[in-house]
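Letters A, B, C and D mark the chains as written, and numbering starts fresh at 1 in each.
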Amino acid sequence: MSYQKPIKLGMVGGGNDAFIGAVHRIAARLDAQYDLVAGALSSTPDKARASGAALGLDPARTYDDFNAMAVAEAAREDGIDAVAIVTPNHMHYPAAKAFLEQGIHVLCDKPMTSTLEDAQALLEVAERAEALFVLTHNYTGYPMIRQARDMIASGDLGDIRVVQVEYPQDWLTEALENTGQKQAGWRTDPARSGAGGSIGDIGTHAFNLACFTTGLEVEKLSADLHSFVPGRQLDDNAHIMLRFAGGARGMLWCSQVAPGNENALKLRIYGSKGGLEWSQEDPNYLWSTPFGEPKRLLTRNGSGATQSAGRLSRIPGGHPEGYLEGFANIYSEAARAIRAFQANEPLPQDIHFPTVRDGVAGMQFISACVASNEDDSAWVTVQS
Amino acid sequence: MSYQKPIKLGMVGGGNDAFIGAVHRIAARLDAQYDLVAGALSSTPDKARASGAALGLDPARTYDDFNAMAVAEAAREDGIDAVAIVTPNHMHYPAAKAFLEQGIHVLCDKPMTSTLEDAQALLEVAERAEALFVLTHNYTGYPMIRQARDMIASGDLGDIRVVQVEYPQDWLTEALENTGQKQAGWRTDPARSGAGGSIGDIGTHAFNLACFTTGLEVEKLSADLHSFVPGRQLDDNAHIMLRFAGGARGMLWCSQVAPGNENALKLRIYGSKGGLEWSQEDPNYLWSTPFGEPKRLLTRNGSGATQSAGRLSRIPGGHPEGYLEGFANIYSEAARAIRAFQANEPLPQDIHFPTVRDGVAGMQFISACVASNEDDSAWVTVQS
Amino acid sequence: MSYQKPIKLGMVGGGNDAFIGAVHRIAARLDAQYDLVAGALSSTPDKARASGAALGLDPARTYDDFNAMAVAEAAREDGIDAVAIVTPNHMHYPAAKAFLEQGIHVLCDKPMTSTLEDAQALLEVAERAEALFVLTHNYTGYPMIRQARDMIASGDLGDIRVVQVEYPQDWLTEALENTGQKQAGWRTDPARSGAGGSIGDIGTHAFNLACFTTGLEVEKLSADLHSFVPGRQLDDNAHIMLRFAGGARGMLWCSQVAPGNENALKLRIYGSKGGLEWSQEDPNYLWSTPFGEPKRLLTRNGSGATQSAGRLSRIPGGHPEGYLEGFANIYSEAARAIRAFQANEPLPQDIHFPTVRDGVAGMQFISACVASNEDDSAWVTVQS
Amino acid sequence: MSYQKPIKLGMVGGGNDAFIGAVHRIAARLDAQYDLVAGALSSTPDKARASGAALGLDPARTYDDFNAMAVAEAAREDGIDAVAIVTPNHMHYPAAKAFLEQGIHVLCDKPMTSTLEDAQALLEVAERAEALFVLTHNYTGYPMIRQARDMIASGDLGDIRVVQVEYPQDWLTEALENTGQKQAGWRTDPARSGAGGSIGDIGTHAFNLACFTTGLEVEKLSADLHSFVPGRQLDDNAHIMLRFAGGARGMLWCSQVAPGNENALKLRIYGSKGGLEWSQEDPNYLWSTPFGEPKRLLTRNGSGATQSAGRLSRIPGGHPEGYLEGFANIYSEAARAIRAFQANEPLPQDIHFPTVRDGVAGMQFISACVASNEDDSAWVTVQS
């Protein structure tokens, strides 16, 4: 493999104390595909400056306004090629728009926006932009998820019948948002998060993962949303029944009030010929259960690994990879895409990463959940 | 403990090849509380005779008609005290009625009947009978389920918020009923099973277990039933959303087309102070997850066992007990109740076993699922 | 299957408070192959009487002297066919001798005796007796152990290379024997247990299980025994290296001072073509790991079950069987053997149960461990 | 936290196809503490050049002779601060010596050398050098190992009694070294690996981990080494009994012929007050088993995490970290040490990383194993 210069990366959001900004920076760095060279890490000038300095950024490329940053970087000869957007949800749209319109590639955290309107507007912006838009639904980057997707695509499970996906957490079991904790604050605030609480924060991940892995679209859903903690404005628990195009049925449960669950995202898929089960907290394993045969425990890069699972692994089976490696796979796949784009070549066929359309689908999912819930859990069509 | 003579037991159904009859016989025998002395093991005279002989029954007490058996046994000085009913569902009601009306205690397999009408009729019969009616929802007999019930009743979990219960199997992934397999035959036949397929066969277990353990009743449900195998008349997969009295919400999934699942009944309960998780296939464990503390793995009869879990264990922790022991606990609790009844004493306060009211609730659950499903998954009140 | 009258069973030891006596009684009863009709449950007359009454035994067949019992029962027309011996170790030999010499079959708890001399004497007695001797190394009765034995015998693992067996417990972490606890009392007392502490109580189980499953004999061992609790006379932890005939090597660890372990007997076997792993606390599973292929989780009576595993199962996969069922398999296999013996027929070829020779091997194991430990862990030949 | 310029890093070994070189590079990069700027990636000039180019190194700083590299880099104003040595074992000593003598810090893969003599010579070199020597026993970098170490050091387990450590793999079940596979080639070759096969490659990891975590030293060992694959010169399986200073006893098993095991390093430690269990393949969990209390499953950065486990975590519990993150912890701790050294400050008190003394201990372990094995598994003192 010949050497390729790192892609020059900027970041919007992700200043001191932000959780997800640090994750994006590690993901970008892990495979040596990006150099972080600029940032609008905060809209508060002091904090932007301090955060930039803490990361060793050139003060001249430390901004407190992402619009200014987009313009300035686009004008520099050594300007950034791509930007990571890691702000609260309501800022995703204007920030993404600013960079895409300058021809700067965007890697944006999920959910894509805080409203469906913003999502649809961003779709238009992205489709006419001279740049790529990548949504960091990082769980799709886990090698065993790629293996599951391959196995389903090649018919190992037969016709898909049942999809059970869940994402329980427990960190909002009590009213953490009233303690001043920053993460809890914006994630339970409709003004910054949008109409979805748990369904936006983690339900969209579960929804995206189920669709990505099966290759199926959800046609209709019936949702029962609830907020168990007194005073909380957004849902902290959601029960959702799913009907997929083609006839599969499913359930999605997400919760932030389920004590004992940290990030217990779990996906189970059953077809006419077999099943698959995967858990995010133990991501190096994939249960494969062909009907009428013994259960098999596949391991990342172990016996029975598919080509795509192997390609996205760095080390042999038995040496666990985790969340950061899965996240880095999104970044590194995006790097391949950006390089192809820069070279005016078609995207490599084996690349899969979440796009602006997945982002719209996620916002449609949130909207449909809210609409169904308000209509006594009636079946609601998920637009597409 | 002083010696108590075994209770004289009869059996209706359970001839050669029947699965559940043999289970009841072992459960009755395990703690030496019953002697099987009579039976109407089949309605086919030859088969009834042969099955009785294979069990060493007195030919004079081998019947081919349960009505005749009920009358004859009631007339004998050494007649049976109790009868186990293990026929297909549609025969439960007439058989139970015949024995209850003779003052013979009944231990009946689930679901209690094949129609809600029969269930309500049986309720009346049972309430005016001079005998006990015990429904063998055997999963409630597992010691760690008793421990979970105790912990919830004593407030360890705080207010119950979320109840996730599921019972996936895979044995009907293909059209086994077309091969002449007897179990599959009657369980997929509305005439013998009633209106519920998977919801009757295993959904009622899941429903009963969730209610028994939490002490909560389901007020409303929204159901999406489906039959995936072409030609199958009854549901083989069901997705159900639950709303409990008092505000808890939940989900129930049962399936007989989920490859890789044998009898994967699983119950998870989350409250404002903590959670519990239990799996039937590994029944000697109970996860206890008090919010903000490390997860604890409680073991049957191990450190932290409650009194009732200990009372229903025969051997120390680390030596696993299983399905038959849990089933036997229902029989042995029933024996305690029968002896108290015979002695004209009140039931011991620490006894819990499923009753005719649980049987009616199970049939109401099936009816509500069918009604909701026919009404596009509308929320339907579960009568009670 | 035609009906067979239960075998008439007596019991020596196993009065009130004894743990293992109750286990033997359930094991004998579970498959309806035995009726308990006589007993010398204690050598203390009052206790013997009370214990017999609590079990509903005929007072005329309640003894306080096993020699008297052996003579009296042999003389009765309806005398016992077989006897279960469940006393502390040092009484096994005289009791077994008394019954064998009367032509009464013996089912004896392990270790077989308290000294190697007694074991060798019992071997002679058993070989010239007109009765069978069965040693209840109950773990060999688990269906998945039978499956493992079958798979190894049929060459699935290739040449066996490495055998790792361990049996950690934690109940003697503190000096329980000083509190008056009866089980701890005799098990840590050389006069009643013999020269082995943990190696006798649980090490012999591990040793027997490794040999039974692999079909291999241990040629030499090197042992490091230790007693960690101050004042304890017998070993409470043992590390042992093993060399098997044919070239396999192994390790055996047993401990009664390993906090967090209840009865964590575990067996792992590796050959030139694959491996197997089994844990007593989760006995319905068997990991099969053919080299170069994905790991498979075999379940009791599930897909891939062998004939012998299926024959010793009562219920389908996914409904767990446990310790008592495994123990009952030893009793029920013994019943088949006794019936063949009574009918003057050869033993069925598919029967396997531990015999007096396994008992001698167990005592040789203890002796070799003690000898090696006293000789600075030198390799000691295990006689055979 | 204020920004700190990356440490300038070189690498010896680790050219194309090498497994461990890539791991070291990721580990160095993960926390942005190092920049790789120079390398002698191969001793074959062409391969050295090509490998350097593939990594984007300045051709002027791409060497094919580590001695020349040490001298040249030491002479540059922008010369490397530290070097990673990732060659086969026999080159570790001369390479480390070359850099240490130039005052360049060394991060060296394990085992430290191929002979005990080299190890002792390197100890002397390191002790008089003006530079640090860090041995990358990477498993000590896992956060839950740090937590285990903390808990033991603070007395949670009481007196340590039993230490069970094992590291089974299966990749050498067949004669892979005869197929031309490079990793298998040098690891089974005494000339390049030294006297230890599995004991050197993975046994030293297990040994180091047990000592690091417990804080105990091994006084004596008794070893049974074997090579199961015909023609293999070095051990591929080892059974070792351990006696620790202070009275604890233990067992170490390592194997490269145990089918079904990828990198199943597992550590179990039992004391008078409780136990701990940890598995490398599921490294985000730590079982804590205080005697007489329910078992607890501690999670990385979850409830009950200690300060040091938290400090070495990047993301919250439930989002798994893995092998690369653990490896990076060694690099990042080394970076803290190097910066303190450069600033002429004492090492931070909370830093722990494996040093040259651990490397010597590892070689003493190998020597003692070989000596014991040659003396019929006699107990051999491990020098220290």
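Operating definition for what follows: contacts are C-beta pairs under 8 Å (C-beta built on N, C-alpha and C of every residue); 3 or more make two chains touch, one makes a residue touch a chain.
It should be emphasised that the depicted structure is a prediction, and the values quoted were computed from it without experimental measurement.
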Query raised in the report: Which chain's C-alpha centroid is most distant from that of chain C?
Result: A
Query raised in the report: Does A-C or C-D have more contacting C-beta pairs?
Result: C-D
Report summary line: Rounded to the nearest Å, the gap between Cα centres of chain A and chain C is 55
Report task. Determine the centre-to-centre distance between chain A and chain D, using the mean Cα coordinates as centres, and give it in whole Å. Result -> 35
**Report entry** Between chain D and chain C, distance of the C-alpha-averaged centres to the nearest whole Å
**Finding:** 43
Report summary line: So chain B residues touching two or more other chains come to 261, 295, 299, 302
Report task. Under the touch definition given earlier, write down the residues of chain D that touch chain C in their complex. Result -> 161-162, 164, 166, 170, 173-174, 222, 224, 226, 228, 237, 239, 241, 243, 249-251, 253, 255, 257-261, 268, 270-275, 277, 287, 289-291, 295, 376-379
Query raised in the report: Once bound in the complex, which stretches of chain C touch chain A?
Result: 288, 292-299, 302-304
**Report entry** Residues of chain D defined as touching chain A within the complex
**Finding:** 1-3, 5, 19, 22-23, 25-26, 29-32, 53-56, 169, 261-264, 280-284, 299, 302, 314-325
